[in-house]
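Chain naming follows the written order as A, B, C, D, E and F, and within any one chain the residues start at number 1.
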Amino acid sequence: MWLNLSSIFNKLSHDPNIRAIVLSGAGDRAFTAGLDVQAASQGTLSQNYSDPARKAHVLRHHILDFQSCISSIEKCQKPVITILHGISFGLALDICLASDIRLSTSTTRFSVKEVDIGLAADIGTLSRLPHSVGNLSWIKDVCLTARIFDSGEALSAGLVSRMYKDKSEAVTEGLKLANLISEKSPVAVSGTKQILNYSVGRTVEEGLNYTAVWNAAMVQTQDVKDAMLSGLQKKKPTFSKM
Amino acid sequence: MWLNLSSIFNKLSHDPNIRAIVLSGAGDRAFTAGLDVQAASQGTLSQNYSDPARKAHVLRHHILDFQSCISSIEKCQKPVITILHGISFGLALDICLASDIRLSTSTTRFSVKEVDIGLAADIGTLSRLPHSVGNLSWIKDVCLTARIFDSGEALSAGLVSRMYKDKSEAVTEGLKLANLISEKSPVAVSGTKQILNYSVGRTVEEGLNYTAVWNAAMVQTQDVKDAMLSGLQKKKPTFSKM
Amino acid sequence: MWLNLSSIFNKLSHDPNIRAIVLSGAGDRAFTAGLDVQAASQGTLSQNYSDPARKAHVLRHHILDFQSCISSIEKCQKPVITILHGISFGLALDICLASDIRLSTSTTRFSVKEVDIGLAADIGTLSRLPHSVGNLSWIKDVCLTARIFDSGEALSAGLVSRMYKDKSEAVTEGLKLANLISEKSPVAVSGTKQILNYSVGRTVEEGLNYTAVWNAAMVQTQDVKDAMLSGLQKKKPTFSKM
Amino acid sequence: MWLNLSSIFNKLSHDPNIRAIVLSGAGDRAFTAGLDVQAASQGTLSQNYSDPARKAHVLRHHILDFQSCISSIEKCQKPVITILHGISFGLALDICLASDIRLSTSTTRFSVKEVDIGLAADIGTLSRLPHSVGNLSWIKDVCLTARIFDSGEALSAGLVSRMYKDKSEAVTEGLKLANLISEKSPVAVSGTKQILNYSVGRTVEEGLNYTAVWNAAMVQTQDVKDAMLSGLQKKKPTFSKM
Amino acid sequence: MWLNLSSIFNKLSHDPNIRAIVLSGAGDRAFTAGLDVQAASQGTLSQNYSDPARKAHVLRHHILDFQSCISSIEKCQKPVITILHGISFGLALDICLASDIRLSTSTTRFSVKEVDIGLAADIGTLSRLPHSVGNLSWIKDVCLTARIFDSGEALSAGLVSRMYKDKSEAVTEGLKLANLISEKSPVAVSGTKQILNYSVGRTVEEGLNYTAVWNAAMVQTQDVKDAMLSGLQKKKPTFSKM
Amino acid sequence: MWLNLSSIFNKLSHDPNIRAIVLSGAGDRAFTAGLDVQAASQGTLSQNYSDPARKAHVLRHHILDFQSCISSIEKCQKPVITILHGISFGLALDICLASDIRLSTSTTRFSVKEVDIGLAADIGTLSRLPHSVGNLSWIKDVCLTARIFDSGEALSAGLVSRMYKDKSEAVTEGLKLANLISEKSPVAVSGTKQILNYSVGRTVEEGLNYTAVWNAAMVQTQDVKDAMLSGLQKKKPTFSKM
């Protein structure tokens, strides 16, 4: 399933017809309740290896592969808006933190669930949370306790940027947001995503330097001229695919 | 104009008579509406070059120079308080994010406007926002949509730290804040700005190590003795210029 | 006293009977009012050295040693919950920012006091604040002015994650929180603390890579199997000491 | 062809029957003369795009994909010994620098050829050379001039670690070296490769920290006990596959 | 004088008529004997300041300004070949290490002289040597003792890449080398210098990522087509200015 | 024994009577043959733990503690010259790479021995070698094979900077070198060691910035004036202790 997720996002990333992506969960109950514990307990972890080092070798590659699947959302050239509704535990956090914009509903129930199954979250939550949310004390509270928190708390802490009544409204508004983004220059949009992601965890100097190299090519787009002209003419520009 | 801004801040940075700086926009309408699109459309971007690489070469230097002008606010030894009033689009963000403290008014209208002119913001906004504001989902929302947001949203997201009724009140309070800072030891104030800016985007270990080297010289100031003595004597200390 | 603090935390870090730590101040008045200015004014700073370089040499080591004492809280394998009540000035900030979870009371009064004694805070506050709180404008406001702020402001800015009526309630709730954490797998808890602390100030890529190496060993714990089994059996797991 | 190279190395990386790899060129004339200029001139570079930004977008992904193919040699868990014989231009450098050990013959002719086709080498040579060779003045000399240098110069500068009479001898000795390595513990060998590669371009502190996490799992291998026992018994140990 | 050096290199950096630079010392005796100790002893160091912190403040800016002058050689878009002849002490090292290619003569006498005037070299030597020379034990030997070493030792340690009989021959050969470089594509040459300098002190991953962004624009140059065509036609290409 | 080594170096580091340190092995046979395999095989590794994660937890701390003992040589304020004679295996490399200057004798036999006991070297060799020796192919050759190499090879690869006839001559020359260093300003010497160590594995920009903060205090030493005056007067200066 994770390999599928990854190959879908890699495909969307390179499809010129796609400008923005809304990711939501099927059904009413949950975005995802996380790892299927039953299945996982019969996977790599339960296999026998000749010693703990050889098992560690396999496990490290397994974790790296799993991380890589989820990181395909972050690496995707197009912005990804995640709608979190209902139960949003464990991998729900890994997934939404790899995406760009997080929306939730009044009934979303979040949990960084991993400590409850005996492990430190290893698919991205712990690496991305300190860069995504401003209150480190709150981050540690929810990560160390695995306690369930609601959408209001997620909004107030800064984990999501908007909360809607229910999944239906959230999807409608997420699509509007995706639509708004898709009207912008794809050169500008993909550059904005890239440079923001690059700047996270790096110094301002590194960020500025990278931005200058990036835009040396990208501002040569026809889109800048079209956008400027449209602005002066009070018209809405159309940008070609990328 | 940006070269002027830079040379003014370089001068203020080294002027021992200056202790803190308040930067506000002239007039009632806007802090700044950003780049003059008409002028920009006739600048470097519209010139002809023999090939895209040579144009990229010129553009990269142009961007680096422009970034350097705005970064003079960040590099300035003295704290800079920016008052954002009215329209505060595009470069308004670059400027205020290079400064230390951001104040706004009830009528400020913000926009990370660049995607609307076909480009990723390249004068600092995208490199500094992830270190200045705690909600990364909100950052991406406003950067990818260029939507206008008001002062309340800016305050709640953490982009500004205080909101006032109007420009007049914001300037009055900004000056009070500058005055308060200017009564402190200039050695302590400039060190605090420097170490905070250094710590952004670096590990805690790097920050601590740098701080120890910095203060090895700086705590030898007479100001520490004067401040401590004043504290014990319940008197207000006076610190010499730096 | 700081050497004592450090040796206590080093001991707690390695004591298998300890699962979580609550750190609170004695008495009703203050968590700590910070450095004893009278004592400090008679310490290293007031001694004579043959030249400023040799004095800087001694001071740098003194600062590094002091930082190292406070960092023992951060390095401690077990989560540390700090209860800030009453006056919480100067070193109170250094201490609570080195800990994991910060709780306060309705009467806590905070101040990053150091500029008032003529120096840039050098025991950790300035290195950790930009990673712990999302509003950089607010951080600079309180660090540059040394102004006193209350618990509501600390909560709203994200410096603390929860505020209680008074010290007694805060301690009770802090202990409940510690208790909740102590019921989790110690392997999961210590890994979560470690990986979050590692991820601060580093790129997502570095964080993911480190996490994979870490968990290659750690998910081999019996705790994962026990936790999964307990989850499936709806029972409460018990984890052995670490 | 590069995709093939990559999938071969990914396969070898995970094949437990493989302990070490010798990579050499077919035929007598060349390890590789580098990019097929004729083919390349008809590829991505010569296609038409609607503007330079969209072309840059495609080219960046093309370069990243190409780099990723070559980096599969570096990421391969098993040590890779590259035998450079005859003409070893352009991509020969990218390839051998991504491998672990570089051997050459008395007739090898090297060139960092890229400036001669109008571009800065972008498949790894310029990123890896400063970490692989100690004389930065020499590195810049050969990279800026694309001049041909011989095996003696490569050995003396430190680009290769051993030089043999001809390809046949080099392959024989390379296989002996691979054989020697394949008798060692695969846990020790893959860890040594990983930690050395990690340490390149990072601080000693980061290297030490990473090593401790790595070996916390890896020294639990049966191989340590077997190796120690064999050492004490003056016997040759056999290590199981990994 | 250093401000002059800097403004000359800034000018050469942007002058499209310049393709490569040879920097040599006037006269027969010395490249430079380093700082004019007499003058320096009457400069900033001997002025009076109200306290060591305020003096440190001035000195730090003085050092940063001086470093910036010398770094203009490194930042210069065009390759810089430094010819070291005769006495090459102190600043000679700072200068040549900021340049790209170092040539010396049979009579050059080198010394990292700074410890002999009571200070750690602070204009670049200590930051650049560990990235320019592969033998760290040798680096520390010459930096800690300030002992004079000759050209043979410099060549063998890897500080210079070529040694000539005397200044006259070195200049002739340096000019030939500059000439060779100036026949190459200026897009390729400046990119090669930039990417090599970027890669120093950074991880391979960072280097590769930066390279891909850089070349996304730069391989769009007409020079690639011209160079490839010339190669196929066995003709010598001519590249336009940059 | 390693705790002793560490406490000795910590003491020497702070003893103002010490200016430089020569570290050599007792007896004629060996600097050190490395870990006592028999003892090690009965230590932490052979103890029983309830699961591999808990064992990894203990082992990680054990490795970090051991690394910290050896790193006390690197952290020591005074330069450390290591004389490697006879058998110099395993920990001999960790030790000498943490020191500043490496000297050897015609009979020294080196080996990065760890793969022969089933593990990747984890006490510093693999983290420091890529920064100490310029030929990465050679580094991997000796680390992956554990083959014994002689002093000539070590000198030629750049692992040591000087080779002497025998231990007696090496110690005599090492002491002369230590003596020469001890005549220099201790402020200059300790700063040179610190800044070089800081610059390793960091960018030039980081190195320059750190140097400027460091020297802002350190050039205020009386030693600069004394050294300059002595230079002008052709006299030998004496520097006070630090």
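Please note the rule applied: a residue touches a chain if its C-beta (ideal position, glycine included) is under 8 Å from a C-beta of that chain, and two chains touch if they have at least 3 such contacts.
For clarity, every value in this text was computed on a predicted model and none was experimentally measured.
Novice: What chains touch chain D and also chain E?
Specialist: The common neighbours are A, B, C, F.
Novice: Using the touch rule from the top, work out which pair, C-E or A-D, shares more C-beta pairs.
Specialist: Of C-E and A-D, more C-beta pairs in contact link A-D.
Novice: If you average the CA atoms of chain D and of chain F, how far apart do the two points sit, in angstrom?
Specialist: That gives a centre separation of 29 Å.
Novice: If you average the CA atoms of chain B and of chain D, how far apart do the two points sit, in angstrom?
Specialist: 45
Novice: Report, in whole Å, the distance between the mean C-alpha point of chain C and the mean C-alpha point of chain F.
Specialist: Their C-alpha centroids are separated by 34 Å.
Novice: Mark out which residues of chain E touch at least two other chains, giving numbers and ranges.
Specialist: Within chain E, the residues that touch at least two other chains are 52, 55-57, 131, 133-135, 158, 187, 200-202, 213-214, 216-221, 223.
Novice: Once you've mapped the touching chain pairs, tell me: line, ring, star, complete or other?
Specialist: Topology of touching chains reads as complete, every chain touching all others.
Novice: Which of the residues in chain D come into contact with chain B in the complex?
Specialist: Those in contact with chain B are residues 52, 55-56, 205.
Novice: Under the definition above, what is the set of chain A residues touching chain E in their complex?
Specialist: 210, 213-214, 216-217, 220
Novice: Spell out the residues on chain C that touch chain A in their complex, using ranges where they run on.
Specialist: Those in contact with chain A are residues 79, 100-102, 131-135, 158-162, 177, 180-181, 184-185, 187-189, 191-196, 199-204, 206-209, 211-221, 223-229, 231-232, 237, 239.
Novice: Write out the stretch or stretches of chain F touching chain D in their complex.
Specialist: Going through chain F, the ones touching chain D are 37-38, 40-41, 45-46, 52, 55-57, 59-60, 63-64, 67, 71, 74, 114-122, 124, 126-131, 133-141, 143-147, 157-158, 197, 200-202.
Novice: Residue numbers of chain D touching chain A in their complex, please.
Specialist: 14, 50-54, 56-57, 61, 187, 190, 217-223, 240, 242
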